[in-house]
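Next up is a structure, given as structure tokens.
Chains here go by letter, A, B and C, matching the order in which they are written, and residues are numbered from 1 within each.
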Amino acid sequence: MQTIFTIQTHGQGLYEITAQVSAWLHEAGADQGLLTLFIRHTSASLLIQENADPEVQSDLLHYFQRLVPPSTDASMSYLTHTYEGPDDMPAHIKAAMMPVSLTIPVGNGQMMLGRWQGIYVFEHRNAPHSRQIAAHLAV
Amino acid sequence: MQTIFTIQTHGQGLYEITAQVSAWLHEAGADQGLLTLFIRHTSASLLIQENADPEVQSDLLHYFQRLVPPSTDASMSYLTHTYEGPDDMPAHIKAAMMPVSLTIPVGNGQMMLGRWQGIYVFEHRNAPHSRQIAAHLAV
Amino acid sequence: MQTIFTIQTHGQGLYEITAQVSAWLHEAGADQGLLTLFIRHTSASLLIQENADPEVQSDLLHYFQRLVPPSTDASMSYLTHTYEGPDDMPAHIKAAMMPVSLTIPVGNGQMMLGRWQGIYVFEHRNAPHSRQIAAHLAV
């Protein structure tokens, strides 16, 4: 069983999609299986992270913004792919460091997530984007 | 076929689980299939790494400790999620950079690991933790 | 359905394998399914990245070379696993930060890749290597 989720983003940051994915899984009605999520982009990531304190999400954003500064930053002057904007090549680099696909076992009709785990799209671009996540449920 | 492995950790570092996973796979008795491992936590990772020289494991630990210093470090003063200890937010960041799930093809009744590949839990917290890894074998 | 792709590399950088994987998938003839790729090494990675501008690939290479310098670099003097060459331990570190496995949904007989996504082997070693990628197609 397959679907595509479309997520509208409006700037860098984490966008939670756990409820959407759970709802689709519930419709599918499978008791046991394997769920795969795959983001069809090279400047955004999928991430499983703590869903309790929103400060975790903003800290993650700020850490990666410092680790991979905009291409206008002096420390990034060696970058050559800069014509799509100062946030574009850093977005590709972050997309290399964080998951493009996630696989999550399903048991008792639910994803076997830990108590504090939520599923997020991590948008690495500044401009609004429409992001597609392909989902595949194998039973 | 599914199970949950529970691993006791006692501080930051890599804990090998290859033998445990192999033993379970052997019991399952499948000739061919796909094995998925999923760690149900946001401050520890799964990792496939060299299993020959233990210095690789300590070097990995030290590299990531330098790349993501404790939140008490001056360079990390922008972090806001600090009340769970100086090793907590760095643990979430490392968990974003390293796998939460691994998928490993199974052939001839064995994981198709390379000669030097072992499977590890990478614990990012200082205090002892009990870590759950959900395993799913699809045949 | 399983196979092993063998890729010859000649130094650090990205090597595209999208066409090879597509061709195998076409032979397999499955309409819908889940494709898993798994690299059987601890000093090279799998990566999905932009396939349009080759400068993205060289920028990725240069970013990670700076983030994880050779063990001969003063900033890396704490490394102990150095006898396999100055590029070896950095290769293991990069292999921890980038995917060892990728899972890609298949629909209408094709990988559900986004328009700009290509599949790459990211070689982290300087010397030529022969790299094996295990592929598993579940239908």
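What we mean here is this: a residue touches a chain if its C-beta (ideal position, glycine included) is under 8 Å from a C-beta of that chain, and two chains touch if they have at least 3 such contacts.
Composition by chain, UniProt nomenclature: A, B, C = Secondary thiamine-phosphate synthase enzyme.
Please read these numbers as outputs of a predicted model, since none were measured by experiment.
**Student:** Between copies chain B and chain C, what's the superposition rotation on C-alpha atoms, in steps of 5 degrees?
**Tutor:** Resulting rotation angle: about 120 degrees.
**Student:** Is the contact between copies chain A and chain C built from the same residues on both sides or from different ones, judged by whether over half of the numbers are shared?
**Tutor:** Counting which numbers both chains contribute, under half are shared, so the two copies meet through different residues.
**Student:** Per the centroid of Cα atoms for each chain, what is the distance between chain A and chain C, given in Å?
**Tutor:** Centre-to-centre distance between chain A and chain C: 20 Å.
**Student:** Give the residues of chain A touching no fewer than two other chains, as numbers and ranges.
**Tutor:** If we look for residues of chain A contacting two or more partner chains, we find 34, 67, 97, 99, 103, 138.
**Student:** In the complex of these two chains, what residues of chain A are touching chain B?
**Tutor:** Touching chain B: residues 32, 34, 47-50, 53, 55-56, 58-60, 62-64, 66-67, 97-99, 102-105, 107, 112-114, 116-117, 122, 138 of chain A.
**Student:** Which of the residues in chain A come into contact with chain C in the complex?
**Tutor:** Interface residues on chain A, with respect to chain C: 2, 4, 34, 36, 38-42, 67-68, 78-81, 89, 92-93, 95-97, 99-101, 103, 132, 134-136, 138.
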